[in-house]
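Worksheet: the structure to be examined is printed underneath.
Order as written gives the chain letters A, B, C, D, E and F; numbering starts at 1 within each chain.
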Amino acid sequence: MQTLLFLIVFPILVACLLLFVKRTTLRYAVVTLSALAIGGASIYLLMRYAFEGAVYFAAPSEAVGLAMVIIEMGLALFIIYMGAKFRNYLAILLAAIQAVLVVYLEMTFSGSLHAANNLFIDQFSIIMALIIGLIGSLIAVYSVRYMETYHRHHPEVRDRQTFFFFVIFAFLAAMFGLVFSNNLMWIFFFWEITTISSFLLIGYSETEEATKNAFRALVMNLLGGVAFIVAIILLAATEPTSGGIDLARVLASGDTAIVLIPAVLIGFAGITKAALMPFSSWLLGAMVAPTPVSALLHSSTMVKAGVYILVRFSPVFAGTFAGFSIGLVGGVTFLVASAIAISRSDAKSVLAYSTIANLGLIAACAGVGTYMLVWAAILLIVFHAVAKALLFLGTGVIEQRTGSRNIEDMEGLIVRMPKMAVMMFIGIAGMFLAPFGMLISKWAAIEAFVQVPFGLVFIAILAYGSAVTVFFWAKWMGKLVTVTRNTERVEKGFFKEPWAPLYIITGLVIAAVLLFPVISSALIEPYVLAIYGVTALMEQANVAIMLLMMALLLVLPVSFLLFKRTARHLPAYMGGRPSTPDLQFAGSLGLTREAQTRNYYLTEYFGEAKLFRPGAAVCIVLILVSWVLAGVAL
Amino acid sequence: MPERIIVPFGPQHPVLPEPIHLDLVLEDETVVEAVPSIGYIHRGLERLIEKREYTEYVYVAERICGICSFMHALCYSQGIEEIMKIEVPDRAHYLRTIWSECSRLHSHLLWLGLFADSMGFENLFMRSWQLRESVLDVLEDTTGGRVIQGTCKVGGVRRDIGAEKLAEMHRALDPFEAQCRDLGDVFLNDETVKYRLQGLGVISKDEAYALGAAGPTARGSGVAMDHRETGYAAYGDLGFKPVVETAGDCYARCAVRVKEVYASIDLIRRAISEMPEGSLDVKVKGAPDGEYFSRVEQPRGEVVHYLRGNGTKHLARARIRTPTLANIPPLVKMLPGAQLADVPVVVLSIDPCISCTER
Amino acid sequence: MSTMAFLKRSPWILHYDASSCNGCDIEVLACLTPLYDVERFGIINTGNPKHADILMITGGINELNRAVVRNLYEQMPEPKVVVAIGICAATGGIFRECYNIAGGVDKIIPVDVYVPGCAARPEMIIDGVVTALSILEEKRAKMTGAAQIKDDARQAAGETT
Amino acid sequence: MTVNEEQTTIGVALEDLTREVKALQTDGYRLVQIGCTDTGGAYEVNYSFDRGYQYRNLRLTVGPETEVPSISDIYWGAFVYENEMHDLFGIPVNGINIDFKGTFIKTAEKYPFSVTRRGGDQCRNA
Amino acid sequence: MGIFQMTKTVLRNLAGGPATRQYPAVPARTGPLTRGHVVFDPATCRSCSLCSKRCPCEAIRLDKEAKVWEIDRMRCIACGDCVESCPFGSLAMEPEYFSPVVEHVVERYTITYVKPEKPAKKPADESAGA
Amino acid sequence: MNWLIGAVLFLILAPIGGGLIAGIDRKITARMQGRVGPPLLQPFYDVGKLFEKERAVVTTAQNFYVLAYLIFIALSGALFFAGGDLLLIVFAFTLAHVFLVLGAYAVHSPYSHIGAERELIQVMAYEPMIILAAVGLYMVSGSFYVTDIVTTTVPAILYLPGVFLGFVVILTIKLRKSPFDISTSHHAHQEIVKGITTEFSGSTLAQVEIAHWYENVFLLGFVFLFFAWNPVLGIIAVAVTYLAEIFVDNVTARARWQAALKSGWLATLLGIVNLAILSYMMLGGA
């Protein structure tokens, strides 16, 4: 319990402290030390609670509850102020509605809004806490140097680094709070904090575009927030005495029909936060934020809150048609976002779309919600978080070093920044290749969907979707490994500090693959067992084979040494035309041209313009259908 | 945003038997820019007139190109004959017609094969070239050379085809035509071939005319222009109508050539039946003095030999404008918008013959 | 292992038209077609210097082709042979006196076999390849021999140190 | 059905060239070729046109260094001939739409057909 | 409707066996007119040098003094002009092709023709008689 | 231990079998074109020859990727013949191809690059169908394990005609046969030269070739699964399927990538419809 409280409160304290730290070196020290503390605490959490199942804590509620309402009101006022300042009336409206609803809730059910236990921890929370505690704090450490460079590259942006780190740490606290809370009111409170953090960080550079995108994110998340609070009111109304805001009780409630409507509403909130279609646009827009923000909020942690809540509610969804259609929203998002990613050459945009796609896949698993799918979903959360964080941070380094985050400009990275290229390679491999994590989860998902009625839809989606995924990842990977000649190495001379988090995260990606049987048996399987009474298991033989593949992959590079000496080096084939080593040749009209190898983007087929609208339309229909179905079930 | 790929296409490229180079600028696989550049076969043979007497120059003219070698010899000889006012015997006209049409047959069959190959239809390539061999056998039996015939000369022809051989050729035409029609059916009706050709590299009638397109490239766009209509050699006697298609795409150009194969077979058949008796050549004395633009319809279109004599054994100028050169501007217009996979198809659809283009 | 001799059974060719009149070119192509079918001898027209063992050149090299021919030749892995097809490729042929003709492939790269004729016939081209095969085999033996010597030298050096 | 072919050649002055060509184009002639002849000290440039097998030549006579205006804005395809004219004869052509700048046909000898070449006829193959 | 238009040909090829001429097991196909290579008969050549004048490729060289007649096989395009021009039938065109060689071949013959002791009138009579 | 025997036998025999199949393929193709064709053992001569050639590379890294390609192709085949999990095999198979693609990327040459892109398009075209075929076999036999699928007594083909047809379509892609030989082809004349293998020469190219043999045997093994309940019929079906592929190769022009992608995905759709009907029947029956 102390650990839990520590994890929630400590980052807030650090956040406040950082408001007053202006020197980079000092800030670096503070951030590193607190990161160590937070990381250490989350590991301690793992060791302390991993084998205990769900543990509940009755935390002080009255005072905290009141404080939360006050803060919420303050935030609502802040949003209204900002909305007025930037003339975004929709945000004002939504914030006002939320405030009214919160007040209404407090007034109407004030006496009965009690959860038996406000805090709890189980294996799933531990996994989330580890992601937040380890990856989150690594990203925070990385950010210090990144932001310093960022401001050197962008002198036009007002230097608000103290504020930046305040928000980052406040956000970490909120995330911990969110995954440890058993009280839906609390969850809602933390949920709103993450929304605000995201809003503030997206708008960090204060450019017009950033502000616009920040508001877009805000509006969409507030929309989810409204749904969330409505769900709480409904729950409170249905069970006024016992306080239907106790998460554990809600989930355990046998009366699925009654819980289903609130669950679907909360699921909707999850959809907005996880940026599934049709709300995916806010996440794309969020890419204007500095890269660590994208890594932290918009891929490895905050958006995971959306799928976290979906996975939490998946026992409710399981077997219902409403859940099935939420799953389909995820499925369609997975397919469409993966397809759109093909047409993107901006690395962050690709990462964003791939994030959306994977969140969609997780939502698909959660919505359908059988035990094997929940198992797969959690596995996806883990692997996605590590690999994606690595890719975002790597992209950040590359962008700061080479001045571009266009994938085409990463051509020959293996020559220019070998270490970085290898890390990116591992990150990308982590996203789509056997035996890395994401693929294991997809595989598990296929095996699980086969056993679900109408699971064929999802299998089809997965079959197409993963093929599409191969395309855009492999071509990026290809760019990295292209051996260009006459290119200069630019790795050196960069700050040393950001590398440490990168190495550690790379290590985590590999460790996650090597240790995934352990992760599965120690954390995920017990959780699934606790919820469903059955659990998913990997075949031992397959695990062995995958470890063998991994070992092969690790050993194969040694073969490089074999080839080194013997071969004669020839220039590339240029149709017989003489060319220079960097592929310049004498072209028509007397021009000297350079052969360009560029990836395919197939915009005609997979362009955003082509796919987004239909995908979004389908998803809107599916969301509406899920509401109707939930209503019908009642 | 699609990124631009730049590929050096050629001069050595397996799909194009002859060296031509293109700098292809692609977006994905769509061609946005393709500038052809030539010059890999420019030998400078026009200046060989300084070394060769006008009668010997026929050998050089033949080797302007090894595919329609006979046609070049014919065009050259006709030009000199026109300048020197030589009347060529009728039999020579007929023999020239037969060999011309044989050349056209072998050239078109060769092209059909290469064209099939450019679409990745290997079997069709093999089949076309297998049929072509029968034409080459006839050419070898009647002239002594498979691809370079060496039988046309100023003032007539050097070799005769005996009555027996003519009869044999005549007999062989029917089965040969049947085989060609089977082959043509594949080109004209096969779905995969149509899928590759239709709507590709479209060039309208007006555009084709304005750009100066020649031969099947023009006729595929509906420009009814075929120099055999002017009735040189025996075409005037035999009668001739150009084969025209209107779609202006690669399919139309292919169809024109397929149908010209049938037409050529028909012409040969009639030339054999109407073959007059008589001598093969007339004696050529003196030296040409004067100028003439000699024009002949080659498989690829109209060729122009501008010959100018100055009263000596050596010509003052020979300038050869070949159909491919005239078809390069249309080609430049056809390429953008095509797919990379279609580049060889489009390029081949004008039946480029770089050898004579550059001389 | 100099006893292996797959090379003779699988000569892959690369054909380049270095300003020929097409006559010899089309005869090279004709070799691939049913009536001559050089695949009987394991010959494949690769169209790619990196895969080829035999470089077949037709035509006397013109100005632009000098660099191209050299480039193609250099891109071919050893052992390799060059076959000059047609008298153009042998000496420049009838175009020998043209201002733009270098006059024979051997002016640019070493030629191992000349196939005379204008145009060279498919049968002669086949003969030319067959002649080239033994030269190819010799070169391979020499190459492995050289490698052997190098290896021995390396070993000897290793032993002494 | 056999059409009689006629050939006519008309001299044209440098300043009238574009106008005459334009007139022929309006009349529905197509461009067949442009070719030069070195007449020892000067060039004859033949612009050949055809309509229904009727052959018309505009003959322009220019000195070695005279700039000739391009007709490629009238006949788009003229660039092949005009580039050739430049590369082989060294006649400067003004304003070609696709100007290869001397790389259309690369020759071992500069302007092999040029009037200035005469006399320097050396044998290289000996 | 032509999805598999080529089927007919394929089946015919499968049934009919290969069309390949099995060169070199079967000798090359030649016709009576086939221009393979020029052969020279040193016993009848009278060094008139017509052949070398007519040759478009300068493939024939004749040294009257040394009685040497040369043909450069790497230059001859087998056009047959020399054969046609030789007034004494010393040259003939054989249909067989000249085989590939590993180096430049110039065939050199020493002319063995000896002018007959008879008066100069005789040959004219002979040809008139023939 | 059975599984080990299967895997080892595959590793040893598949190159021999694959080479022979390639030889027969070339022979039959030649006959269809009215030619005599190469000797039966020609593929072995070719590979032997390639090993005799000098090692020439554009970049040393290419050898590494190609070796990885070979190893993972062999691994997925071995897993298959060891009776492993079909999905895992499919993923290992994809991994192998990604290595080949990376090899082509690594050399930084225009034609290899385009070949690599096209190869990726091909992967995108065929992968859904392979996954679906695995799922189909699961639905029929109740297991993803090849061991179980082979021993099932259910005539899979009767339940999965659509899936099988779809599989045959993508088999054309996989065997690199016309009309879908877009990334590289056995025929010489490609608009992108040799595409993905343009820059591989000598023993590296030989490895690609051997990998291809492994791959073909594996794919034909996959075809066999549809007929596994009757081994004799299965072998006949495999032979007929392969002949049909050769036939199609010989009577079609090469497609553009768009058509390859569409065909692959439409074939998958066919498979999905088949499976939908099947699952409807199974639901109805249950």
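Here, contacts are C-beta pairs under 8 Å (C-beta built on N, C-alpha and C of every residue); 3 or more make two chains touch, one makes a residue touch a chain.
Quick caveat: nothing in here was measured; it's all calculated off a predicted structure.
Colleague: Strictly by the touch rule at the top, which chains does subunit B share as contacts with subunit D?
Modeller: Common neighbours, subunit B/subunit D: A, C.
Colleague: Just grab the chain with the largest centre-to-centre distance to subunit D, centres being mean Cα coordinates.
Modeller: If we average the C-alpha coordinates per chain, A ends up farthest from subunit D.
Colleague: Among the chain pairs here, which one is joined by the most contacts?
Modeller: Top-ranked chain pair by contact count is A-F.
Colleague: State the chain with the largest centre-to-centre distance from subunit B, centres being mean CA positions.
Modeller: Result for the farthest chain: A.
Colleague: Nearest chain to the global Cα centroid?
Modeller: Smallest offset from the overall C-alpha mean is found for F.
Colleague: Any idea how many Å lie between the Cα centroids of subunit E and subunit F?
Modeller: Computed from C-alpha means, the inter-chain centre distance equals 54 Å.
Colleague: Which whole number of Å gives the spacing of the CA centres of subunit C and subunit F?
Modeller: The computed centroid separation for subunit C versus subunit F comes out at 34 Å.
Colleague: Between subunit A and subunit E, what is the separation of their C-alpha centroids in Å?
Modeller: Here the centre of subunit E sits 82 Å away from the centre of subunit A.
Colleague: Could you put a whole-Å number on the gap between the CA centroids of subunit B and subunit C?
Modeller: Roughly 30 Å, centre to centre.
Colleague: Which subunit E residues sit where two or more other chains touch them?
Modeller: Correct list: 4-6, 10, 18-20, 56, 77-78.
Colleague: So which stretches of subunit F touch two or more other chains?
Modeller: Answer for subunit F, listing residues that touch two or more other chains: 30, 32-37, 54-56, 110-111, 113, 188-190, 193, 198-199, 250-252, 258.
Colleague: At least two other chains touched by the same residue of subunit B: list those residues.
Modeller: Residue numbers touching two or more other chains: 5-8, 11-15, 19, 29, 35, 37, 39, 42, 44, 47, 59-60, 63, 121, 123-127, 130, 145, 148, 190, 192-193.
Colleague: Chain pairs that touch, all of them, please.
Modeller: Pairwise, the chains that meet the contact rule are A-B, A-C, A-D, A-F, B-C, B-D, B-E, B-F, C-D, C-E, C-F, E-F.
Colleague: Which residues of subunit E touch subunit B once you look at their complex with the stated criterion?
Modeller: Touching subunit B from subunit E are residues 1-6, 8-10, 19, 29-35, 54, 56, 77-81, 84, 93.
Colleague: Can you list the subunit D residues touching subunit C in their complex?
Modeller: 106-109, 112, 123-125
Colleague: Sort out for me which residues of subunit B touch subunit F in the complex.
Modeller: Against subunit F, the touching part of subunit B is residues 5-8, 13-15, 29, 116-127, 130, 190, 192-193, 195-196, 339-344.
Colleague: Give every residue of subunit C touching subunit E within the complex, in rising order.
Modeller: Its residues touching subunit E are 34-37, 40, 83, 87, 90-91, 93-94, 96, 104, 112-118, 120-124, 126-128, 130-131, 135.
Colleague: Going by the contact rule set out above, which residues of subunit E touch subunit C in the complex?
Modeller: Listed in rising order, the residues are 18-21, 23-24, 28, 56-58, 72-78, 97-105.
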